[in-house]
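There are structures below to look over.
The two complexes that follow have chain A in common; it is paired with chain B in the first and with chain C in the second.
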Partner chain A sequence: MEIIDNLALGFSIALSPYTLMLAIAGCFLGTIIGALPGLGPSNGVAILIPLTFTMGLDATAALVLMTSVYYGAMYGGRISSILLNIPGDEPALMTTLDGYPMAKQGRAGDALVLSGVASFVGAFLATVGLMLLAPMLARVAYLFGPAEYFALYLLAFCTLGGMASNNQAKAALASCIGLGIAMIGVDNSSGLPRLTGGNLHLMDGIDFLVAIVGLFAIAEVFFFIESHGKASSIGVKLEKVTIPWKDIMATKWTMLRASGVGFVAGILPGAGASLGSFLAYMTEKSVAGKDGGFGTGVPKGIAAPEAGNNAAAGGALVPMLTLGVPGSGTTAVLLALLMTLNITPGPTLFTDRPEVVWGLIASLLIANIVLLLMNVPMVKIFVRILTVPPWVLLPGVTMISFVGIYSLSGSYFDLLLMIAFGVLGYVLRKLDIPTVPVILGILLGGNMENALRRAMVLSDGDPMFLFSTPIAIGLWLAAIAGFVAPMFLRNLLKKPQAVTD
Partner chain B sequence: MQSKTFKALMTGAFLTIGSGAMAAECIAPANPGGGWDFTCRQIGKIMFDIGAVDKPVQVTNMAGAGGGLAYTHVVSERNDDADLIVAASSATSTRLAQNAYAGMTADQVRFVGAIGADPGVIVVGKDSSFNSLGELIDAIKADPGSVAFAGGSAVGGFDHLKPLMILQRAGFTDITKVKYIGVDGGADAITQTVGGFTQAMTGDMSEVVGFLKAGEVKVLAVLTDERIPGFEDIPTAKEQGFDVVAVNWRGLYIPRGVSDDTFNSWADKLQMVADSAEWKEAMAANGLAPFTKVGGDFQSYVDGLVAEINQLSKDIGVIQ
Partner chain C sequence: MKSDRIFGLVTLLVALGYFASATQIQTSFLSDPVGPKAFPMLVAGVAGICALVMIFKPDPDPTWPSLGTFGALAIAVVVLVCYAYSLKPLGFLLPTAVTAGILSYQISGRAKVSALAGVGLSVGLFCLFKFALGLGLVAFPKGLVG
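Let's look at the complex of A and B:
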């Protein structure tokens, strides 16, 4: 068995005390980074890259440390989603939908343990999938051309209307704001700057992280100021923490399905963990039907996105390692690390540098177990962060937001932009317009436009090109169904479920 | 709360590491991982290892506007900083030629040298019916719409210009008819080509090496004077009758306001790096071909390049 041999080689590298220590340190740092609002896996890994150089780590050790941080951050992202209703990172966005309502019902401990277990299942299955299927699955990328990508992004936007708000017009408006913001910057198809007002800082468009930190963390601070520090959305109570076996057993199929969906979403270049958690949540929501109670704090609503986003994190490593095409923002940063270490990812990496690939896979398996052990007993510690009064916590959040954004770009302009997004987030929430579609618009808008423009170049402007392959047609049908279905479902439901962002 | 404070301290600590005093600084005008970042880190490291500088070179990443942000920063704020070097490549000269740096011009800095180049390549999928550059060019001449190129740069970028330069030499003047899509990097461009969505890929040698070894692609031509060491079986465009040399050189520029002595001293240091065994190793590992031009030589090479690309860009209508 070739795989067993390879895995043995991997474990012989990953189980050295030094590598193991790096994995544990990475998991711990990663969980903290992920838990802090605004500091997600991509900036966490980016901030820590200089550390690997100062420590003089070799390629395998550096990779082990960084991927532990990556997986740790994927775990940690759920904590602030559940406790603060602020996603710790972008893929944890969907976890807020059911995690925060559940925490408000006094079940914060259950939500945290359940999401920890779901994260484990998702990440573990994805690592196994990466191991078994990487060489084969890498070829999926060859099936996705501009038309297929456009349909895929469209699917994400269409299903958004039913998810983010009870009012599809408001969700559509929010998507358009996001898409409009995504238009800022140099137009990739003509090389001309758009909507930049001649400002060089805007030439590359608006950084997604600046927008998300502004819309979520800074807007939260504005709400806090408005309430004069008395009332605050932060105030979930934590009762005794026990392991909710009942919930875990009840969601086992959800976790398995969500892991599968997330893994496939992760493999698609450019889609990444956000789409993974989103699709996993939407799939489970439709499987559960109208009686599922999604959005009100049900266990399945927590298990699905967490298993999905952690599986996507593993899936995103597939195209990164086998094709050198990053599947997400974080893997793009990891790719940068690899290239700086003189490792060129590509179809030959598995044969040329087996010690790197299999050492990495083995340490991912180890990191996963470490993370599960770390996250379940340590739930209390993370919850204790919550008992810190808001007047201490929120200035802390503000400080981390400013430092985090500044350390990413080193640009004063981005800080101003972040405050502007904070104001936008405040206004939108006052108007009861969901901010999630704005984020998705900024995140996917540029890619979606590029896919459309490329399709038009290839087909000489023939719109039928967009429906030219079975994959594209399938995605279009799913998109239409996703857009229309919530309208009918809404009439069937007596009391529409309000989902706040 | 303890962990939050800890995190804040950690972040603060990393920020301070980045701002050491007095050592030479190399600005990579992009995020970690790209070609410019590679240039800064490798050249900086080798300069210190061989003793050309007495302190490790600090690398600062200043991404933005395709290098424009760093360019503006150097011209307007660091114009007389003798300890500053900035990574540059053919993308820098292309953008300057196309006036993409908001009015900045090539004569506002001094180009000190290039010590290595990533050769341009034209690539097709392994099952493609095209077996030589000539066949591909003939097909485009017969029906410009039948061949679409994918490349890692935006429309009007260097990857786009490479096939256009070849077509111009081949006597095809209707170059605005040539189809090109700019995707996110060379690997993505190859994926689109192998997947059959585009017929050919235009990019750099380093981007295709992995795919070439895996047998996924055929390299129709490399755009250098001589065949590349290690890839002797790939013909040049020149020997196939298309006299085009297009390489993505890797080099440095320094601020305009420094003395000639400083300019010459950086040129000498760069020459030392070029001659070192470490650099030859780094080039081999990254698919770079030897390409050494330093000092005044290099400045006039860049001036010529800027003029040529400026004319070509006007021809295809990327700039007025």
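Let's look at the complex of A and C:
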């Protein structure tokens, strides 16, 4: 059994005391990051990357730490959704729909425990799915040539734009901004500078970490200055926390179904966790029918989006590890981490660096169990942390971002660039232009162009080569469908609005 | 309506500028069929189309903050830029305390607690970075400590 051997290898790495300690620390930190309003998985992981880099952790250790933070943030996001009615990040929006009403009925503790268990089920099943599916997909990925990769990148941008935004033009524009930024710097194949405007600082290109931290973390500070941190007082009291066995048993099929739906949504390149929790919630809502009482604080309405969200987080790792195409905003940030650590994701990762892949998978399983143990009895501690006022939190985040970016390169030019990205992020989000495609564009722009140019070298400039294989044609069709379909489905699949008091 | 149109127009101009500068990219004598120009030009083209769509089919306006809040945001940006420049010559503690204090004041609106938050964050983060994470930060300007 190949999988068992591989898992044994993984656990031998993940169970070393040092790695285990990192996983636990990552889980703890991640839950806090997810729980704090204003810090979600994407910006939490983003501000930590430069720090892990300067701490000099090796590739496996850094990856274990950051993925624990990632999973932890996914768990933590539910706490502020349920108690404050503020989703920590976009996928957690669905949890507010039933979580907050349930908390207002005085069952905040039940809601937190139930959602914790649902998160565990979703994330655990997704990790098992990742274990089974990723090596298979890695084998298929060997068939991918430059033409297929070009179509795949296009698919990622199209589905991300199609699903994540309310306006196709704005999503496509965001991708173009990212791709345009990625072109700045020295051209790989000719070695000549492009679009630098003669600025020496721009010769190396714009570091994606600078862009990510600026767009996610610094922009958030501006939003808090605008709102004066008003939206963050705890409106719900948390009484004694007990384990609601009855609700857990009653929602077991919901959790399983939602995990399946979420996992599949997570695998789609570019679609990600938001789609996973959305689809899981909507599926369960229609399964339950009109008498299900969705939206009034029913247990199923909490279990479904949480299981779906966490399953999608695991599913999103599949395309990220096997193809190098992230499935969500946070996996885009994790891809940035891999690139910083000089690991190239893709099929060869599974054969060349099995210790990285399987160590990661094993530590995901461990992290999951740690998170369940941490989140059920210790939930009160995390709730206490929620009371950190934003006027301490946000300046703190800013300072950590500055030190992190400064320690990467030691140049103030990067800091100025980061502030500029912060302003850009504020304007884009104000205009309802998604920022994740910008990040994806900066990360993948170089690869996408290289794929196109290599394809054209192979075919001697014949553009039809891009549509020459069945895989490529399939990807192109999926890309077009992913971009066009949401325009017609938008009225059908209207996003439920958050409950208001 | 108006915000989308203005942003679309700005983007269109940027896309045109980007396209124009992409045509100026030097090509080396040993080039592939696509070359270094085509992809940037393609990206600029798509961006231009998106900008046109935004101009002709704008979404409803978002709720923009009041002029005073814009002033606060501008101040925040200026403070951050100053912070970026002062981090190296002035050491970590002083600029961090001032910047964190100002940002904190802008969020909370209370002077005393913000000053405390600024000083606390500065010292706390310094200890965290220096002693727990082992980053080489300089606490004070070099001239002061000698």
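Quick note on the criterion: the second predicted complex is superposed on the first by the 282 of 501 C-alpha atoms of A that agree within 3 Å, B and C clash if a C-alpha of one lies under 4 Å from a C-alpha of the other, contacts with A are read in each partner's own complex, and residues count from 1 in each chain.
To be clear about the criterion, a residue touches a chain if its C-beta (ideal position, glycine included) is under 8 Å from a C-beta of that chain, and two chains touch if they have at least 3 such contacts.
Source: prediction; values computed, not measured.
Undergrad: Return first, second, both or neither, reflecting whether A:G315 touches chain B, chain C, both chains, or no partner chain.
TA: The answer is neither, since A:G315 touches no partner chain.
Undergrad: I'd like to know which partner A:G76 touches here: chain B for first, chain C for second, both or neither.
TA: neither
Undergrad: Have a look at where A:G205 lands relative to chain B and chain C in the superposition and call it first, second, both or neither.
TA: Neither partner.
Undergrad: Scan A:G30 for contacts with chain B and chain C and give back first, second, both or neither.
TA: neither
Undergrad: Quick check on the superposed pair: does A:D432 touch chain B, chain C, both, or neither? Answer first, second, both or neither.
TA: After superposing on A, A:D432 lies in contact with chain C but is clear of chain B.
Undergrad: Report for A:V457: first if it touches chain B alone, second if chain C alone, otherwise both or neither.
TA: It touches chain B and chain C both.
Undergrad: Check the residue A:G297 against both partner chains and state whether it touches chain B (first), chain C (second), both, or neither.
TA: A:G297 sits against neither chain B nor chain C.
Undergrad: First (chain B), second (chain C), both or neither: which does A:V403 touch?
TA: After superposing on A, A:V403 lies in contact with both chain B and chain C.
Undergrad: Go through the superposed model and pick first if A:P395 touches only chain B, second if only chain C, both, or neither.
TA: The answer is second: A:P395 touches chain C but not chain B.
Undergrad: Across the two complexes, what residues of chain A are contacted by chain B and by chain C?
TA: Residues common to the chain A contacts of chain C and of chain B are 51, 54, 187, 189-191, 392, 396, 399-400, 403, 407, 453, 457, 460, listed in rising order.
Undergrad: In the complex formed with chain C, which residues of chain A make contact?
TA: Contacts found on chain A: 51, 54-55, 166-167, 169-170, 172-173, 176-177, 179-180, 183, 187, 189-192, 194-195, 197, 218, 221-222, 224-226, 228-229, 389-392, 394-396, 398-400, 402-403, 406-407, 412, 415-416, 419, 422-423, 426-427, 430-432, 448-449, 452-453, 456-457, 460-461.
Undergrad: Which stretch or stretches of chain C touch chain A in the complex?
TA: Interface residues on the chain C side: 3-4, 7, 11, 15, 18, 21-22, 25-28, 30-36, 39-40, 43-44, 46-47, 49-51, 53-54, 57, 59, 62, 64-65, 69, 72-73, 76-77, 80-81, 83-85, 87-88, 92, 96, 99-101, 103-110, 113-114, 117-118, 120-122, 125, 129, 133-135, 137.
Undergrad: Within their complex, state which residues of chain A touch chain B.
TA: Chain A residues touching chain B: 29, 32-33, 35-36, 39, 46-51, 54, 141-146, 186-191, 198, 200-201, 203-204, 269-270, 323-325, 332-333, 335-340, 342, 344-349, 381, 384-385, 388, 392-393, 396, 399-400, 403-404, 407, 409-411, 450, 453-454, 457-458, 460.
Undergrad: Applying the document's contact rule, which stretches of chain B touch chain A when the two form their complex?
TA: 1, 3-8, 10-12, 14-15, 17-18, 31-34, 37-38, 41, 60-66, 68-69, 72, 98, 100, 102, 145, 148, 154-157, 179-185, 187-188, 191-192, 194-198, 206, 209-211, 213-214, 216, 282, 285-286, 318
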